[in-house]
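Here the structure comes first, spelled out in structure tokens, and everything after it is commentary.
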Amino acid sequence: MEQKDRVEEISVRHGRPPVMAPGHTFATITDKISSIVLTRPVSLGWMLGVGFASLWAFILLFAVSYLFYQGVGIWGVNIPVAWGFAIVNFVWWVGIGHAGTLISAILLLLRQSWRNSINRFAEAMTLFAVACAGMFPVLHLGRPWLAYWLFPYPNTMNVWPQFRSPLVWDVFAVSTYFTVSLLFWYQGLIPDLATLRDRAVNRHTRTIYGFLAMGWRGSARHWKRYHTAYLILAGLATPLVLSVHTVVSYDFTIAVVPGWHSTIFPPFFVAGAIYSGFAMVLILAIPIRYFYGLEDFVTMRHLENSGMIMLATGLIVAYGYIMEPFMAWLSGNKYDMYQFWDRAHGPYWWVFLSLITMNVVIPQVLWIPKVRRNPAWLFLISLDVLIGMWIERFVIVVISLHRDFLTSSWGMYYPTRWDWFTLLGTVGFFFMCMLLFLRVLPMISIFELRELLPEAEVKVEP
Amino acid sequence: MSLVPVYGLLAEFDNPTDLLLAARRAHEEGYRKMDGYSPFPVEGLAEAMGFERDRMPLVVLIGGLLGCVGGYLMQWWISAVSYPINSGGKPYNSWPAFLVVTFEVTILCAALSALFGMLGLNGLPMPYHPLFHSARFEFATRDRFFLCIEASDPRFELTQTRRFLEGLGGHGVSEVPY
Amino acid sequence: MEFRRCRIKGRHRLRSAAGLLLALGLAGCRLDMHDQPRFKPLRMSDFYADLRSSRPLEPGTIARGELRSDSYFYTGMVNGNPGDEMPFPATKEVLERGRERFNIYCAPCHSRTGDGNGMIVQRGYRRPPSYHIDRLRNAPLGHFFDVITNGFGAMPDYAEQVPARDRWAIIAYIRALQLSQQAPLSIVPPAERDRMLSQPPPVPATPGSGATTPSGTTGQAPPEVKK
Amino acid sequence: MSTAPRTNIDFAAPPIAATIQRRSLWVGIIFGIATIIGFIFTPAQAIRSYLLGYMWWLEMTLGCLALLMTQFLTGGSWGMVLRRFFEAGSRCLWLMAVLFLPIIIGMRSLYFWTDSAAVAKEGLQHQAQMYLSGPFFVMRAVIYFVGWGVAAYFLTRWSGLQDQPPDRDFSSRFRALSGPGVVVYFFTMTFASVDWVMSLQPHWVSTIYGMIFVAGQGLAGLCLATVMAIVMAKYEPMRRILKPSNLNDYGNLMLTFIMLWGWFTFSQWLIDWAGNEPDEISWYLARLHHGWRYVGFVLLMFYFCVPFLLLLSKNLKRDPRSLIWLAVWMLVMRWTDLFWQIEPAFNRDAFHISWLDFVIPIAMGGFWVWLFYYNLRARPLVPLHDPRARAILGPDID
Amino acid sequence: MAQIFHRSTNTISRFTIFGALVVTALGLWTALQLERSPYTTFAGVARPQPVPFSHAHHVGGLGLDCRYCHTSVENSGFAGIPPTKTCMNCHSQIWTNAPMLEPVRQSFQTGQSLVWSRVNDLPDFVYFDHSIHINKGVGCDTCHGPVDRMPLMYNYASLQMEWCLDCHRRPEKYLRPRQQVFNMRYQQPDEFHPVEFNGQKYTGQDELGRALVKAYHLRTVQDITSCNTCHR
């Protein structure tokens, strides 16, 4: 605690932006954040945002209904590319979710105080992103309404899930991930819900928050167990978050498809996940702090740190891009070598080229501190990375599949309008959930911000 | 004395250090049935009041172990006992493949036992609590710190305890009705 | 005969919509792959006017392996007259097969002993002649074949139910039946003779017990019915 | 800018450091003689054991370098406390460069691809032949050492410059070199692991291989620095610097590296196992049969499971005596892991271990530790004049 | 601040948590039971047929053998449903005026098929062959139940996959000598009713089953529980 404060103090003295702007007290933090939920009128901008996002969410609903009615034939998937947009979007969304858990769990364990201002909405982002992700494998089933067959239960067929299949691991990984993220998020919310309960004026509001806060009253004994449980959950979520994208990468690597069967995929996927996840964090944080006037709490420090994490993870991703063709070349396996030749020279060369440009080349500007400290630049780079990471999954899924071992089963993948509607629809759904969350729940963890204040420190010997 | 049954006496402080010192004093004075209330976890406060062992890790350990063993046994039973199917020539008990789901189930069970264990040990949900009668108590979730000595403590005596609490230098002491 | 499905069925789009709505509630509803748009034996089809997916043979077509070049085997006739020979040797296996088939297809009317007092006759069907009259005892084998194949008097033909080879086996067995009712004791081997004389005659199976007598070599009476 | 901390505490290494330095030199000399004997009588085995020992000590050197660069980038008190230990380890790099010469000389008995007849017989791919050629191999090694050397030289040099008042803030300079330095290290180490170890069985390739080495080196560097710091912590000045919370951090970092290793190696094994392709699985068949299976089992249990469970305990992490033993143990496990990677390439059908597998690493270690303490003694144990160092000095020094 | 919730809320909320668990568990249990019940499987539910044909009368009462009508059961995947002609074998003289049989006569005169409702209806993705079961010693009533006591036909078994697997996993539990396959009143051997097979008397199904599995060359359990045995 002590050392940490001094490190922070020194960092600020040496020109780094502070984690929280000076001049705040417990009361101002509490009132500022709870007022966003409780007293701020519904703004026109918010209404427009929710309206636009829900429009796309309804398009998603429509696209999904039509899919149920008609079957996956409305999508562009076919042999040989049987895993088109659905799996691309799935991997993309799961990846985006990873940053939330990284911030809330790993940075908590590493005692990085800057996480406290952004963990709440990053966790919400995780939940909504995983919800978007979870849709795709289910929709991709020929009979989505039978998705419950994926769980082991004593069915009348006496048939169980095949536990040697990575697709079944996925079911467990993603559902565990969603559940644990939800628990973690909810646990973090409990004290803040109590804060809202006690601040709310409207009787119904009070009842709802009171119901959700479960009678939290900030007892010292409760806090003690709460803190232990919080740390334990963080400790559990840390390997979990690694495992989730690892399992997603197993979906590919366990198969012996050239371009998929590569041992680097687990860390490569996780790094890519965090890469895109932090891009999404910035995409959310930059407008939020601007529109809600939260520059005091989400400072340039947060933005810069996120930028640096993006840079680091982006380099790991680039490392993967280099290792794969190198090892394919070294092994001399002609199928593997062809796969990487095809990426750069085949019909999808332009996709591959944009991948390298957007994912590897452009983000290198983050080396420049001025860029890292400019919200507009960060926003643009984040957008670039989000798209780049989507393209990466497209490259892995589509280019690896479109030229099968036999030339007779070569083909192309053409997404249909329903593919696009579903993808954009989930984006709309995601932002709709995010905006609703901003409106009804404290978007910044109030009690954890209070802990950041110097007054929070107990100034007696233990 | 008061005719309304009393839950306890509530003393108010404006910073965590004062609360911690007060709790320490009260513990030295022999009070045991008391609790501190703060808007964020105060390091060492629970211990200052003689907090019993924190059993959270044990609860989570048990949950995790059950998940781990249960998760593996489930897969083994399903794949090697209930319906052995030859898949890609892999052994029926393919432990390398089963480790993944075992891990996930372990985490799931441990996480569930962490949250529900915390709620259970804390006696939550408890939407109704005598303390909520107190008018000032709503600031316990904002910026105030409270120490409540409960009437069920054997050493509790209304006037004497009130005098003791007032002597701790807080911002006033109030009675909490049951 | 045609089958129709009595379970949930309809336009497949409606069905998927129903599937969506009732996914969990109606775990039992039948889905596309349960009832595939293909012909299974005797399935109803709305493609043909008579709704039959199993089509009758076009006249003049001969299925593979069904060319009836051996006319005696398939008609029992030699130059328009019934022949009196088995087209293949009447081995023990043939006789056993004959007994089995006789008991399935003939015994309901002719009774197991061939006296023409089978269960159906008891229920009002016109009584066929007993096999143990001289006319039938002397009738050539081809006569029986012709009767089974084309019917005779009140008896319908059994060509569809009994394949030609089985018909011959039945005929061989009828001959054995006829012999069994008229055999002198002297043709029984001495050892068997003693046994037969020392034991009471076996009780004939009572039709209507609900059990069709097992036609195996054990020869034991059908197991008693326990209620 | 603040002035230098005013204190009368001596931050130089305690006398014990000189004693250890002297003794380790003797160890080096004695075991070095044994090494020479080994090279004379069983040269083929000796060069293998030499490679094992070399990779082991290279891990500690480069681990120190990598962590040194990392701590410049992330900041935090954990790195500041160990910084001088990392620097001392990094500056052993020139020794490692010298010690690489025997590998170049003994290349022919180590790497079968140096023999064109064997290459033809084994049907090595054309690509591998291009990459795995003697001169190219040496050239790459030179590039690696230059890359690492530049980082190690400048970082430690600037750090030394900082010791001379007036205070100079080199933070941006450190960061400017460390950022690209880490990237360069990552790539060069990957290729080095391919060149020096993976090419022992060139039919098998694994894209994660370099990362397994990097994770192993991180663990080795951290454990080495932790051991050395705890040894020094019996005396001033480390006694006041090294706090239980630091040890807790090191324990957590060890746990992280152990988990990374477990994650990488398990994934590699699972992917090869599931794919079951002849070129891939044969690498594991050699390592998961015969006696090698038990080495693998030891790694699973004592590299991963047991240390993982032990490191969950907060008390253990905060206790220097427990943590130092655990760190030493993890170094032994690093040796075991390398042994399991290298030796089966030569003895596929039966477990095999030689006395030289112990002697040569110890001999190398003797010289290495001698140089380490030489480097350590050359400077104060804390970069006193680094502005950020004040965070670890505590309130009583100002 | 005043209390938001009444004192009783504490009890109610805890009760709700446990209640939710119980309700969920009960719901799942009910769903599983429902899936196995006649509501889903139609087991034991007679279907309406154009003619109320009674197996109880024809088999149990008159003693007709299964194969009199189902002629192809021994050598074809499909057991065979008799053409109207088979009905008319007898009903040309018996019950000729019964109104119940009017559709049969109609069909015979016009050549229009009778449209029966399928009773034992396997899904189309299941390959089922009667002949192999008959020839390996699976009795008719093992699957079809006491047909000789069914006034109207219903499916005796659930026909769900777990039911198929029950036998495929341990065929020796159900096999009988081939001669007994069409015996509707066959009983598994016990001490008092031994069953003879290949000249040996068996007093227990276990030994008999094992002997039959061997004698009839049943394929291994691994083979007959492999997916493509039935889904091809």
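We call the chains A, B, C, D and E, going by the order they appear; numbering starts again at 1 in every chain.
One rule holds for everything that comes next: contacts are C-beta pairs under 8 Å (C-beta built on N, C-alpha and C of every residue); 3 or more make two chains touch, one makes a residue touch a chain.
Just so it is clear, the structure is predicted and the values come from calculations on it, not from any experiment.
J.: Using the touch definition up top, find the fewest steps from subunit D to subunit E.
T.: Minimum number of steps from subunit D to subunit E: 2.
J.: Starting at subunit B, how many touch steps does it take at minimum to reach subunit C?
T.: The fewest touching-chain steps linking subunit B to subunit C number 2.
J.: Is the number of contacting C-beta pairs greater for A-D or for A-E?
T.: A-D
J.: Closest chain to the protein's overall Cα mean, using per-chain Cα means, please.
T.: Centroid comparison flags A as closest.
J.: Using CA atom averages as chain centres, what separation in Å is found between subunit B and subunit D?
T.: 43
J.: Report the inter-centroid distance (CA atoms only) between subunit B and subunit E in whole Å.
T.: 58
J.: Find the geometric centre of each of subunit A and subunit B from their Cα atoms only, then give the gap between the two centres in Å, rounded to an integer.
T.: Roughly 30 Å separates the two chain centres.
J.: Indicate the whole-number Å distance between the mean C-alpha point of subunit A and the mean C-alpha point of subunit C.
T.: Going by mean C-alpha positions, subunit A sits 72 Å from subunit C.
J.: Do you know which subunit E residues sit against two or more other chains?
T.: If we look for residues of subunit E contacting two or more partner chains, we find 1, 4-5, 10, 13, 35, 165.
J.: Which residues does subunit C have that touch at least 2 chains other than itself?
T.: Correct list: 24.
J.: Can you pull out the residues of subunit D that are in contact with at least two other chains?
T.: 270, 274 - these are the residues of subunit D that touch more than one other chain.
J.: Would you tell me which residues of subunit B are touching subunit D in their complex?
T.: So the residues of subunit B touching subunit D come out as 88-90, 96-97, 99-100.
J.: Could you pull out which subunit A residues touch subunit D in their complex?
T.: Subunit A reaches subunit D through residues 2-4, 6-7, 10-11, 14, 109, 164, 239, 242, 246, 250, 253-256, 261-267, 315, 319-320, 322-324, 327, 329-333, 367.
J.: Contact residues on subunit E for subunit B in the complex?
T.: Result: residues 1-10, 13-14, 17, 165, 222, 225-227 of subunit E touch subunit B.
J.: Which of the residues in subunit D end up touching subunit A in this complex?
T.: Listed in rising order, the residues of subunit D that touch subunit A are 75-77, 125-128, 131, 169, 171, 179, 183, 186-187, 190, 194, 202-203, 205-211, 243, 245, 252, 259, 263-264, 267-268, 270-272, 274-275, 277, 279, 387-388, 390-392, 395.
J.: For a test of understanding, state which residues of subunit B touch subunit A in their complex under the given definition.
T.: These residues of subunit B touch subunit A: 15-17, 20-21, 23, 35-47, 49, 51, 54, 56-57, 60, 74-75, 78-79, 82-83, 85, 87-88, 90, 94, 97-98, 100-101, 103-105, 107-108, 110-112, 114-115, 117-119, 121-122, 124-129, 131-132, 137-143.
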